[in-house]
Amino acid sequence: MDYVVEMRNIRKSFPGIIACDNIDFQVKKGEIHALLGENGAGKSTLMNILFGLYQPDAGSIYLRGKKVNIVNPNVANELGIGMVHQHFKLVHNFTVTENIILGLEPTRALMIDTRSASAQIKELSQKYGLNVDPDAKISDVSVGMQQRVEILKMLYRDAEILIFDEPTAVLTPQEVRELMKIMRNLIDEGKTIILITHKLREIMAIADRSTVIRWGKVVGTVNVADTTEEKLAEMMVGRKVLFELNKKEAHPKEEILRIEKLSVAGSGGAKGLKNFSLGVRCGEIVGLAGVDGNGQAELVGAIIGLRKILSGKIILHDRDVSTLSIRERISTGMAHIPEDRHKHGLILDYSVQENLVLKNYYLEPFSHKGLLNWDYIYDHAERVIKDFDVRAGEGAEASARSLSGGNQQKAIVGREFDGNPDLLIAVQPTRGLDVGAIEYIHKRLLEQRDQGKAVLLVSLELDEILDLSDRIAVIFNGELVGLVNAAETDENEIGLMMAGGKRGATA
Amino acid sequence: MKKKLIVKKNFLMSLFAVILGLIAGAILMFVTGSNPIEGFYYLFRGGLMNIERIGNSLATATPLIFAGLSVAFAFKTGLFNIGGAGQMLIGGLCATAVGLTFDWPKPILLTVIIIAAMIGGALWGALPGLLKARFNVHEVVATIMMNWIAYWTVFYLVPLYLKGPFLETESQRIPMAASLKVSWLTSLFSGSYINLGIFLAIIFVAITAFILERTTLGYELKAVGYNRDAAEAAGIGVNRNIVLSMAVAGALAGLGGATFYVGFASNMQIGVLPSQGFDGIAVALLGANSPWGVFAAALFFGLLHTGKGFMNAMTAIPPEIADTIIATIIYFAATSVLIERNWDKLNKFRLALRLRKSKQESLEDDSGGEQ
Amino acid sequence: MVDLIYQLFPYAIAFTVPLLITSLGGLYSERSGVINIGLEGLMLMGMFVGALIISRTESIYPGTAIWIGLLAAMLFGAVFALLHAFACVTLNANQVISGIAINMIAAAVTVYLARLISGSGNIQIIRGLSRQTIPILSDIPILGRLLFTQTYATTWFVLLILVVATFLLYKTRFGLRLRACGEHPHAADSAGVNVYRMRYMAVIISGACAGLGGATFIVTISGEFNGTAAGLGFLALAALIFGQWKPWGILGAAFFFGFASTVANVSQVVPMLAQIPGIYLKTFPYVVTLAALVLSSKYSLAPKAIGEPYDKGKR
């Protein structure tokens, strides 16, 4: 059997972890090969090695049967390997053409020959049905379009093997469909695609074969036609995955949060929030579904006080809190698990004990007349660490940076639950975590609900929303498209609404 | 355990920068035909050889302590105050103006002078802080601009209002009552420049250390410095803390200006941006931004600056060798990441060894002693 | 009034030129993503080397000594800037601190060496560059008197550099890559651009330009090295920011600042200008730069990746 890409015995370790542990990986010409694994399983590292960004500690790479030494991305490019990174590598104030030709600029009389480059890009774009305007500025085009610019960048370099790193994370459902169409076009033109993903459904929809990686080791390679989502999930996690949570019936009581006709300005090309109304009751989880960038960040920012509102009200406990400071809102009983735990959740250079009092260090008994009570802060941290199973090498005094992602998230959850809040706003609470940590966080969120607290869950993962929520609100283009009972809906319906399709709105 | 390790690491890194700086100085002396050993001998002897010289070293160190504290304090809030020179000038201007204007008893006059210098410096620091908080103007650029605004302000205001009897380029000498020099201290150090400023400096080092380590204010300032977004999301007033931090930094530098212009010196020269403002950055870096580290680093630099004149008198080596050494130390301190990286690697390895050893032992044993 | 402007103009232009070229140097460095606060020190190095070489050679080669000096200043500025490049690019050091160190090292080392050479630490050159009136162009009404009388050859040289710099930055492969490094170094890297090499080149160019700026100041205005650049390098930095990191913006800003400084410098001898207090004129460049930063705070035009060390490992 001849493979277009063959990686043999690849080993790569970083301080503290072995990211790739003797991995063997083969790709056939003309296939779409999915590389499946949990966050941190080592799939991105493996592909970064193939693309020349990292050097393996051991092992060898063969391309079309020949042994190659890919020391940097330039070599990868020359060998016909291209990669679309999860975070696009585009210069925001350059044009599409400038971004594509960067590094390989055609010149005439010392000057860059933009005109012929632009024409060539237009041609490529038409050939693969990409529909890209070569003269547009990157900052003016949509995320989906930026991804196509990245694809063009590979095609302009005559890449034959195209690596896509989690390409659908930033796309709307329609854009995902279009991307799949583009991928098929690419295969028809003789290209080979490696798709890094952790989404089982995508693999079932488009991939020919899939290699599953767990903890840096290959679990196996399967033909997608011969497998099921459940089997793939089991391979990925290493045990049977319960797709159903042990969820009791909800007993919602009075409404605690009432958002009335809220409008918020968008930032950086986002659309903002328009006339948005929603209520959350005690004892229920309301899930907010939607594609990224449709107003979720604006809504959450406005509720917790990080963003100014244009108009409308945010009523918590029968009181309009929209003019209160962040701290005042927190003391009214609002807690927040932020989307980006490194940016908004933790102070990584502070110890765990310092992080655990981030919202109440100024209150008695953590401090007295402006002086910190370190003994109490330490004891408090030890208690939270125990209650929430935060594993930190040096306990309360470990720096937050030294914790794993899952333990960092548990520390945040511990801090937020510790204040016994009436309302919890959880944004992407399980992003980037492994299945064990995800299950833990989900369990605690449901516990919170069962204790009669209100939870607003914002997530881009539709499964998470469907599993946890009692009611589901769908946001599109900054507006509420619909609000449905979780028991009475399904993925298809929510998916349609996420794309803007209204349904006869229930209350 | 962890804290001790960091202190040790910082100390070693500072020591490394100092050694490299001294080596650079030695090379410069050597290639220009002087004997480095002789040079260093007279340099250190000049700063230490008798009680008067020691007094002078302390007096020279005093404004450096304040300038270093100023940089270190702002740095804890994630702000880079390179406006120390301008803040010193304005502090000194306020102090000199008060000293020349009022004819009050010494204790009252000195108190007012100190307060005036602090207010002047605080305002000069708070403005860049405000621009940062309100308009996100980078404080590095803003403080550079403020330095030169201060420079020209002094350049024109001193001849206009505080002119001395002889020269256009300097202010009148301040009266004894307005000077931080006191006779008992001067005679104790056999007529050196030493003045009350050194006591002020020690007091402020202690206060700064206390604020940063023990108070909620210090907790907030550092939280903002480490992660502005997370601090804001947790309800800490980020903008308020930025302005406050820069105001305090400015006040410290302003006070340093007072100790320089009405302590070490007795009048103000125009057309000079005080070099202590920039040396303060070196002091803060070398002191790893900790107040007592700053104190030690400033004493060292004070020694170099005091010894350089003596060295120049005894050898053919120009006094700028001291400035060269200090400048090189900054350079090496800036590039110390290289050392830091290797240090971290080494420690991870050591930690792994230690963990393996102590796996059976109880994990609780060092929790009591740390508090 | 009109006569006064005619009189002042050549002086203002002469003062603008060292600022302009130093600022252009800063432009290259910052557009590649490296903050250059060390412009003051790089200029001072140029002043020192220029003054030293010219004072040593002018008796031997009277006509060409100045040009040799300018060239040497460029060369040494470039070499000295390597120190900044090494710290910022290779060692990922804090670029602001490195720049400050550059300023301090220049101030200490040049005076140290100058003292060894002259004792006082001042180095004088006997003959500066002479002013020339350009034959035909100076007869053009108004503009002829403003721009083409009493000019220095260096002015035209620097303007030529400005044109070349603009062309290089916006029309060539080199410029596109350089700007990419300042906006998104990871994008440049993944496109096969060697970010480290581009930044090294940019910082070296900035050193050469600032060195030339310092030496130009010596041969046209001051005539001696006296151990300080008197804030000219920081004024150039202000012009770079006020000019919003664009070549023609920098030209405007540098001239604006050069004119204000010239007016302030001569205000004591010209009765008509004495009414304007010097303090306003001298602080003007810094105040307007702060104002410009405030006004442009919403949509900053500064290079996106400025000040960020480029670390291949972090993605």
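For reference, chains read A, B and C in written order, and residue numbers begin at 1 within each chain.
Quick note on the criterion: contacts are C-beta pairs under 8 Å (C-beta built on N, C-alpha and C of every residue); 3 or more make two chains touch, one makes a residue touch a chain.
Source: prediction; values computed, not measured.
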Chain located farthest away, centre of subunit B as origin (C-alpha)
A
Using the touch rule from the top, point out the two chains with the most contacting C-beta pairs.
B-C
Round to the nearest whole Å and give the separation of the Cα centres of subunit A and subunit B.
45
Can you give the whole-Å distance between the Cα centres of subunit B and subunit C?
30
If you look only at subunit C, which of its residues touch subunit A in the complex?
171-173, 176-177, 179-180, 183-184, 186-193, 304, 312, 315
Hey, which residues of subunit A end up touching subunit B in the complex?
15-16, 304, 306, 325-330, 336, 338, 343-350, 354, 358-359, 361-362, 367, 370-372, 374-375, 378, 393-395, 397, 399
Contact residues on subunit B for subunit C in the complex?
28, 32, 80, 82, 131, 135-138, 140-142, 144-149, 151-153, 155-157, 273, 278, 281-282, 285, 316, 318, 320-321, 323-324, 326-328, 330-331, 333-335, 337-338
As the complex stands, subunit A meets subunit C at residues 53, 73-74, 77, 83, 85, 87, 89-94, 98-99, 102-105, 107, 110-112, 153
Per the touch rule, the subunit C residues reaching subunit B in their complex are 35, 37, 83, 87, 91-94, 96-98, 100-105, 107-109, 111-113, 115-116, 121, 231, 234-235, 237-238, 241, 277-279, 282-283, 286-287, 289-290, 293-294, 297, 300
